[in-house]
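Input: one structure, supplied below.
The chains carry the letters A, B and C, assigned in the order they are written, with residues numbered from 1 in each.
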Amino acid sequence: MSLFDIAFYFFALITVASAALVVFSRNIIYSAFALLFTFFGVAGLYALLGADFVAVAQLLIYVGGILVLLLFGVMLTTKLVSVDMKTGTLQALPATLLFAAVAGALSGVYIITDWNVLAGAPDAATTAVTIGDMFLTTWLLPFEIASVVLLVALVGAAMIARRDARSKPTQQAAL
Amino acid sequence: MDLLTPHLLSIGPLLTLVAVALLVLLLESIITKSEPVSFWTSVAGLLVSIGIAVPGIAVHGSAFGGMLRTGGSANYFSIIFFICALLTIVFSRDYLKKRDSVFGEFYLLILFATVGMVLMAAAADLIIVFLGIELMSICLYVLAGFIRGSVLSNESSLKYFLLGAFATGFLLYGIALLYGSTGSTSITFLTEHFETYASSRLFLAGIGLLIVGLAFKIGAVPFHMWVPDVYQGAPTPVSGFMATGAKAAAFSIIIGLFAQRFVHGVQIGTLLAILAAASMILGNVVAIAQTNVKRMLAYSSIAHAGYMLTGLAAGNAYGRDGILFYLLAYAFMNLGAFGLISFMEQEGEKHLTFDDYAGLGTTKPFLAVLMSVFMFSLAGIPPFAGFFGKYYIFVGAVQADMTWLAIVGVLMSVVSVFYYLRLVMVMYFQDTLIGQTASYSASSAAFVVLAALILLGLGVFPSSLLAIITTLY
Amino acid sequence: MIPLEYYLSLSAVLFATGVIGVLTRRNAIIVFMSIELMLNAVNLSLVAFSQYLGSTTGQVLVFFVMAVAAAESAIGLAIIIALFRNKQTLNIDELNLLKW
């Protein structure tokens, strides 16, 4: 077993174990921190797959952006003193069966598929140049639409979460 | 320049709409009392967009290096979306005043949602489909929760968001598997090489996941559970917008993917037929039990998704043209009905039950007549346009040897007559219990009347619209 | 070299974990985290396909997914906070997510 293989199993283990913790932990703070390790594990797998740019973006966007936002959400909506942070689960047995069905069916498809794998990684030492080129040529329109999506998300988030000037002071005190 | 002009014209409706949306955004930030300006800018912009899209129907082409299809069905769907957006904006102005939530951002979000829909209808690549869906959905999540002081509206928004994002996960996994099995995300490529890949399990798994994601968006059984709650809690005109525009947009993708060569040789037709039958049965039967008018229309919209899926399951030109006809008619009748409900609704989600409509025929004959027109049309009673939409779809199903599906559809239409006409009965044959109030502006009233007249016109002269529809693909 | 199936099966497991989370958990933020797991699973399979098909397109798609995920999380958190402000709970028992 080469070092590369060991690295794969290491990251795979981190990803799966922490993902399970995200979903099954009874404490929302544990879930949020487990998610950090899932993102990290996935970033490691990207690096192993030769996608260096994606790996860095994964760390920046998911860990630096989305996870921080989630933590803010957790902290703003949980009154640490009065409410216990445990969160309930329901229907454990159907969930396990569904898990086995979904994961099993998809993995089965992957194993029976006859992969037409093209040998070798892309030549470039870094993928950033290629990806940048593609963004500004073939994928220019989706690139522009993505920027509109982000703009709308900003406007919408500001619209829905901003405090109403006329809202009652009791409501403001609650946050 | 000569080379550029036809190119720009072909994407004219999209460009105009984006420009108007950005203009409204700018107006919102620089003018203090911006709401009336934003309102009229949006209305004018949508009218201009319709004006640009209509002549473009006859010209088929593509733009942005094959990322977008232009003309034909893309323009037809764009016109449906523009009409939905226009009616929604006009109706919502009175409504927002009632709910104390008059903000110009509302029009902005409707416009951007419409941009997303246009992208969905014009998409020739799965990534554009994905981004279009997200642009539309993100706007709709916010619009559903636009009445910020109302818990019902907040909840509706959260439910829609969580289930919408969940559906996006399936859609994306489907796209990833299609990319993995073919090495391409181009819809043109996928439809042309469908037979080549049809034996690949991976490809079929991708198609299956894509259908799951899209079935969520159109609210077909068994992915319908969000529909009643979301429609009930969202601001009434927004519910209408979701039921018509968002549904038409999701159908535009499904038609683009499956209505042509995609269906051949695979059991996708049967799968769609099962979804269609389940949606028609569940939607219509559960709608009978509803006491809230908005909830009744929500279940009715599940049933209508079923009717339209019937046309898709048929997989022939008749069924497809039937869906296109029905989507336009549905936009008018459903938005008209939601518009009237928004006139009647009072602060605090009140006056929304059947009982609140008792005796409306004597107290407010104008509203009662219009509501009856929309109910008759939704039930598929001639001479209104709803009848012909269903007729073409069911004929398509019979021609495709799916007579059982057509029979289910006809039986369920009969069931639906019961609850649509119950509202009409209540309005005309029950005594008024409480003082009814309705508030609406002249422009809203004019648009409702216009919608009713168009329904009647399409019902009397269906062939004129059908002649256009047959040239779309 | 690790075979492609390994990466894809890993992605399937991650996706299924996310689906289970959405369907079984009651807290809106946990449901949202589970959705993020699903999107990460999608990204993982896209990058794996990209590497094994020798085309960079898959990696480009990942960036669009990330951009949209970021936009969705901004909106999602805003909605969650707006609801919490009015209702003081994020328990989505009444959402009837599993009652189809």
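Rule of thumb we're sticking to: a residue touches a chain if its C-beta (ideal position, glycine included) is under 8 Å from a C-beta of that chain, and two chains touch if they have at least 3 such contacts.
Only a predicted model underlies this, so the values are computations on that prediction, with no experimental measurement involved.
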item: Chain closest to the middle, measuring from C-alpha centroids that were averaged per chain; value: B
item: A-B against A-C, pair bridged by the larger set of C-beta contacts; value: A-C
item: Centroid distance [mean C-alpha coordinates] between subunit C and subunit B, Å; value: 26
item: Centroid distance [mean C-alpha coordinates] between subunit B and subunit A, Å; value: 31
item: Centre distance in Å when subunit A and subunit C are each reduced to the mean of their C-alpha atoms; value: 6
item: Touching two or more other chains - residues of subunit A; value: 106, 110, 139, 142, 146, 149, 152-153, 156-157, 160
item: Residue numbers of subunit C (touch at least two other chains); value: 8, 15, 18-19, 32, 53, 57, 64, 68, 71-72, 75-76, 78-80, 82, 86
item: Two or more partner chains touched - positions in subunit B; value: 127, 131, 134, 138, 141-142, 145, 148-149, 157
item: Residue numbers on subunit A that touch subunit C, as the complex places them; value: 4-5, 8, 12, 15-16, 19-20, 22-23, 28, 31-32, 35, 38-39, 42, 45-46, 48-51, 53-54, 57-58, 61-62, 65-66, 69-70, 72-74, 76-77, 87-92, 95-96, 98-99, 102-103, 106-107, 110-111, 115, 117-118, 120-122, 127, 130-131, 134-135, 139, 142, 146, 149-150, 152-154, 156-158, 160-161, 171, 174-175
item: Footprint of subunit B on subunit A - complex, ascending; value: 105-106, 109-110, 112-113, 138-142, 145-146, 148-149, 152-153, 155-157, 159-160, 164, 167
item: Residue numbers on subunit B that touch subunit C, as the complex places them; value: 127, 130-131, 134, 138, 141-142, 145, 148-151, 154-155, 157-159, 161-163, 165-166, 168-169, 172-173, 175-177, 179-180, 183-185, 221-225, 229
item: In the complex with subunit B, residue positions of subunit C that touch it; value: 8, 15, 18-19, 22, 28, 31-32, 35, 38-39, 41-42, 45-46, 49, 53, 55, 57-58, 61, 64-65, 68, 71-72, 75-76, 78-80, 82-83, 86-87, 92, 94-97, 99-100
item: Complex contact set, residues of subunit C against subunit A; value: 1-2, 4-10, 12-21, 23-27, 29-30, 32-34, 36-37, 40, 43-44, 47-48, 50-54, 56-57, 59-60, 62-64, 66-82, 84-86, 88, 90-91, 98
